[in-house]
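Below are two complexes that have subunit A in common, paired first with subunit B and then with subunit C.
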Partner chain A sequence: MSTLERPARTPRRSPVSWVRRGGLSNLLFMLPLLVIFGVFSWKPIVEAVVMSLQKTNLVSPATFIGLDNYVKVLSDPQLGQAALNTLYFAALALLFGYPVPLVVAVLMSEVKRARGLYSALAYLPVVVPPVVAVLLWKVFYNADPTGPFNTVLSWVGIPPQPWLQSAASAMPSLVLEATWAAAGGTIIIYLAALTSVSPDLYDAAEIDGAGIWKKVWHVTLPQLRGVLLITFILQIIGTAQVFLEPFLFTNGGPANSTSTILLLIYRYAFQNSLGGNYGAATALSVLLAVFLAVFSLIYFRLTKSWSSE
Partner chain B sequence: MKSPRKAVAIVAVGIASAGLLSACSADAGSDDGKVHISVASLIPGTEQAAFDAFDARVAEFEKLNPDIVVDPVEYEWKATTFTAQLAGGTLPDVFRIPLTDGRTLIANGQLADLTAQVEALPYFDQFNPSVLATAQDDQGNIYGIPREAYAIGLHYNRDLFEQAGLDPDDPPTTWDEVREDAKAIADATGQAGYMQMTQSNTGGWQTTAATVSRGGRMEEGEGDTTTVTLDNDATKESLEFLKELRWQDNSMGSNFLFDWGTINQAFAAGQIGMYTSGSDLFTSLTRENNLDPAIYGLAAIPITDSPEAAIMGGGTLNVVSAKATDEQKDAAVKWIDFYDVAKLVDQDAAVADAKILADQDQAVGTPALPIFDQATLDQSREWIADYINVPQDQVSYFAEGNVGRTLVGEPAVHTQDLYAALDTVVQAVLTDQNADIDALLAKANSDVQALVDAD
Partner chain C sequence: MTSTTDTPAPPFVPLGATVMTEPESGGSDGRGPGGPGGPGGPGRHGWRGWRDRRRARRLQGGPDAGSTGDRGIISISDHRRPSIRRTTRVVHGVLLALLVVAGLGPLLWLLKAAVTPTQDTLRTPMAIFPNGIDWQNLVTAWTTIHIDVQFLNTVIVAAGAWAVQLVVAATGGYALSVLKPRYGRIVYGLVLATLFVPAVVLLVPLYLTILHPPLIGTSLLNTFWAVWLPAGASAFNVVLMKRFFDNLPREIFEAARMDGAGPFRLFWSIVLPMSRPIIGVVSVFAIIAAWKDYLWPMLVLTVPAMQPLSVRLPALQQTIELDVYLAALAISTLIPIALFVIFQRLFLRSAGLGGAIKG
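== the complex of A and B ==
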């Protein structure tokens, strides 16, 4: 008769052995991080969810009002326009902001000399404080015929453009600046990823007679797949939360043509000097966060097979 | 512990964490036995000379009241930052709010009750009752002290008038003349002949002033029964006026996104011929925007023949944070009396204030409306006649044009929401040639009415 040997018993985890095994020191070392993360990240998040169920002006005591804030936010006639504007911004930003850094990075990686100089030039806009950059561009966008951009256009015979001063051209103008400001960071990520592509693959492709575009299409892009997927979702999340540009350039104008979801949240909270509607502001924030979380999940689920191929 | 070094590290980390937590609850206190109050001083970005003048007044006050310490804090009332400061508790103890906000902030419990202190002021019974009412609750308790009152006026650039061949000593008195002069300026100089604020609720503010000048009102009734009337004929007329200047005459330049601060900047830089704003603007234009006084002119806003046509006015209240102690309230009212009010009713105070301002090259004699009565205001102007440095002949058209006119206040219910809704309409009219004024106003009207009904 054979007896099945019982599997070796896992040692009991008593508090004493936990301390002996370094549990306490681990915890102590993690404590500052946990405290900082808890106090400055998770506590505000939980408080925001609670506040989205309350009516409060942060001065008088708050009262719970159930889902009223969500009903109010979802039935606000401005939500549709803000959502469309945000989508429009995201689409334009994808159109310009996603491929441009990739093209620049690929070109820069082909450059053999003074690559550091090009990297520095590409990254320079990221170093300029965003508010300073926007205020500078606001001057460039002066719609007078004497404005800097309009002056440049006049040299090549193009009539003065209204830039920020017309509902049709305001959003593309915002995206242009945003792309300029953000491209440097993405270029650096792509450049780093490009260095990890094995030169053997290019050599092999070259032997097979591939030109530069075939090398990019068949070697570079597939090898960068993982990074491209991540920068894509980061770009979507970033553009869905666009605030700085519409706030500083146009404050949502002209006639709400650049009002975005985050600007709407800001207006709920701060537009009325008699006490903002912080409940509605947090309710819309929670909705946006949930939407982005769900979107990210679906995105990663859908692209899982692609990225691990 | 496995090694002494590790033990030391753990203790160090523990201490650091404890320090981090205790730092959160640290509180700065003062134990010098004096009453400390923080007071709103000047707008951020104001030139140094103005701060010097302010500090001189503070020093004088502290000499008179050795048991009070005044802590000046830079302050600018803006609808968008005020709420955050109020909620975050970062407002100074003594700050200023528009007359229109008094009643709601009182109802919200955000202002200190100053009844006892204000009633003890020697000039208490001289306040213009309708101005004081904006600082009172239904029981008549007083929560603020009127600081200043203004009416909307027409500010114009005398230099651009001359360049356009217009007489700067003959400013326009009708809206038609404004249109003609604006076109002349735009054609001759390439600058905006006429402009209006459009952003951060100021577009609604100025559209309301333009509406009142044409005999319209934005609201009827009171409190919960208020009917919003944004789609009245006078507002339509005001917007049609802008539309004609913008799209027929092309006399409004190329930039249309302005708020209070940026339009002042553009005006001082010579980019705008005429615009409407509060009559007390000269102080700010010279202080923050370096305006050359020689190019400045102020006229009365044109009004139409409508029997309801009037000038819109407004003003500010000095108020005290609801968190102030009784000692701080006493000190606060002493400060308000010293800095803002006594100079209107007391000759010595008036002269002392004017002298310091004039010494520092700050504006003395900016056109204002009385918070007591006209005779008191005239009297205070006489006391300081020697120090007045605002070119009175360039601003006299304002007072002359307003003789016999009715002054009305701003809309009382959901004022800022109403202004915000109108911002969108004004921006649309100035940036979209095909903007449908009727439809835009109808939508804005129903949006604001919904907010009123929801109260």
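== the complex of A and C ==
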């Protein structure tokens, strides 16, 4: 790397003057980053694209097969179902998970005493390791009439629900847990943004005769616009890659109602009795990445004028 | 710093503790080691100390207080009206109740179920100890099921990942921000570019890299290196570190160079000691991420004796009895919760900071 840089600055350079100018120590400090990112980030990203054009299973040597992996993945009958399920998860997650943290954060920002207690309580589920959270909720979702959730429902006269056992209620159950696990982080982000809203704006709104609701609608929410736009796209990108919940709660069942894109990728690569179909797995992951990149690009283009004002 | 000396030991504690006593710095204003300036002083952790510090800060008109004043959406004159005061009080009460039920409820249930016999949990899950407490569950989970091994593995995984991430981010951030070699811009651009690649794209190639790592020749499968090393490739950490270093005053570096300090001395004696706040933040991110990770350790640590808790617990659910299983779940939650309670402010600030960087 250093040899590339040398001729540019002064015409007469030797390795000795390069070392004397600090080139060696610069490189030494850069080395851990270059090695770790090189081996575990940059090289795998390039390899992913290459592998998606190859037939590889570690048994026989890799051969280039053009776009065959992409054709195979796109014509897989499971893809449609997995894509629809992922969309459904993302849509439900928006429905449950997008408004709740906002409302809670706005209410919390008005708490004067012991706000730290409120924040801590809201953030607590985020601290629980995700695997533990899923396994614990799996116990909660016990579909027997004596399951924890069904017991609570019986107190208010609601009959036992099948939760994870039926194709109709499995996905909403997954989303409910995912929302519980993630809402705290979003609440804290909104709270941080809310404290930076200038009080002058509220003063000004009051002089114009605005009540509390008008202040929320015309001052608070517009001031949060930037954060709201970002959390929206981050949530989409996150939910498009949901793996843990469908994998641990239902493993895609019942009747494939919770199989997602990532579950499909995982199965191509690691649950194949014929040896991993690594080409198909990387092809689908590259497709997902491209889709998300295009989606984000369009999203930011569309919302550009809206967020900058 | 005084608060660091009396704390026994896990390597990340002193760093975190130091950050706790910093005045509200927002993580990147470059005030560096301004002494344990929080009025709470050393050792005043927990709720009381937090409140005192916050109050004092408000009185001093620190950055936090300065921007918000004491008002929010509801004005002071609004507050004088009894109807509004009553409504807000009710709303806040309901909010607190909901947060307790949603945030604390499931965990309290887990704690209860961990020491309840299986049949009680199955028949009357919401009853509180109908047939007494069974402490034996915890002992069985720890010794017979050997959660202790998994627990130790989790600590090893987290500690190693933390160390690798810190070394990469600190040296890389220093080189990019302070030393600034000519190729630095290209390197930083490439680091930033990885932020836009979803992790799933790396899954398979990274797995194959672990099977056939370059230069080493033997597979890293079922070694802790397989988890530690890839953790270091976190662009987020490098960005955080570099931005923090960018805000440190250049005059100090110049003065140190005048006094003959080389790049290593500058790094070790000047930059690192000034960077405790950001090291604390990166440490929190690193340890939490390592504690949470599931898919990757599941793929590369296939031997149960090496698996961390998160990987082993799902496998246990079919094989052991419910009460012991729940005890194991409770034990796995304990350390993260304890860390959170101790370093609450650092956690919450890091979470807010994450939003600020993304935004």
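By definition in this document, the second predicted complex is superposed on the first by the 271 of 309 C-alpha atoms of A that agree within 3 Å, B and C clash if a C-alpha of one lies under 4 Å from a C-alpha of the other, contacts with A are read in each partner's own complex, and residues count from 1 in each chain.
The definition used in the following text is that contacts are C-beta pairs under 8 Å (C-beta built on N, C-alpha and C of every residue); 3 or more make two chains touch, one makes a residue touch a chain.
These figures come from a predicted structure and were not determined experimentally.
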#### Entry: Superposed model, subunit A: greater residue contact from subunit B or subunit C
C
### Query
After superposition on the shared chain, which partner residues are touched by A:Ser109: those of subunit B (first), subunit C (second), both, or neither?
second
### Task
Check whether A:Leu302 is in contact with subunit B, with subunit C, with both or with neither, and answer first, second, both or neither.
neither
### Message
According to the stated criteria, A:Val16 is in contact with first (subunit B), second (subunit C), both, or neither; which is it?
### Response
neither
### Message
I'd like to know which partner A:Ser41 touches here: subunit B for first, subunit C for second, both or neither.
### Response
second
### Message
After the superposition on A, what does A:Pro254 contact: first (subunit B), second (subunit C), both or neither?
### Response
first
### Task
Please work out whether A:Tyr278 is in contact with subunit B alone, subunit C alone, both, or neither, and reply first, second, both or neither.
both
### Query
Between subunit B (first) and subunit C (second), which does A:Val156 come into contact with in this model arrangement: first, second, both, or neither?
neither
### Message
Quick one: is A:Ile207 in contact with subunit B, with subunit C, with both, or with neither? Answer first, second, both or neither.
### Response
neither
#### Entry: subunit A residues contacted in one complex by subunit B, in the other by subunit C
22, 25, 29, 31-32, 36, 39, 58, 142, 144, 147, 269-270, 276, 278
### Query
For subunit A, which residues count as touching subunit B in their complex?
22, 24-25, 28-29, 31-32, 35-36, 39, 57-60, 77, 142-145, 147, 160, 162, 164-167, 250-251, 253-256, 267, 269-276, 278
### Query
Okay, in this complex, where on subunit C does subunit A touch?
47, 50-51, 54, 64, 67-75, 78, 84, 88, 91-92, 95-96, 99-100, 102-104, 106-107, 109-110, 113, 122-126, 164, 167-168, 171-172, 174-176, 179, 181-184, 187, 190-191, 194, 196-209, 211, 213-214, 229-230, 232-233, 235, 238, 262-264, 267, 288, 291-292, 294-295, 299, 309-311, 313-314, 317, 322, 326, 329, 332-333, 336-337, 339-341, 344-345, 347-348, 351-356, 358-359
### Message
With touch defined as at the start, can you tell me which subunit A residues reach subunit C in the complex?
### Response
1, 4-5, 8-9, 22-23, 25-27, 29-34, 36-37, 39-45, 47-48, 51, 58, 104, 106-112, 114, 116-132, 135-140, 142, 144, 146-148, 151-152, 180, 184-185, 188-199, 202-203, 206, 212, 215-216, 219-220, 226-227, 230-231, 234, 237, 241, 243-244, 248, 262, 265-266, 269-270, 276, 278, 281-282, 285-286, 288-289, 292-293
### Query
In their complex, what parts of subunit B are in touch with subunit A?
2, 6, 9-10, 13-14, 16-17, 20-21, 24, 77, 79-84, 86-88, 97-98, 101, 104-105, 108-110, 198-201, 253-257, 259, 322, 416-417, 420, 423-425, 427-428, 430-432, 435, 447
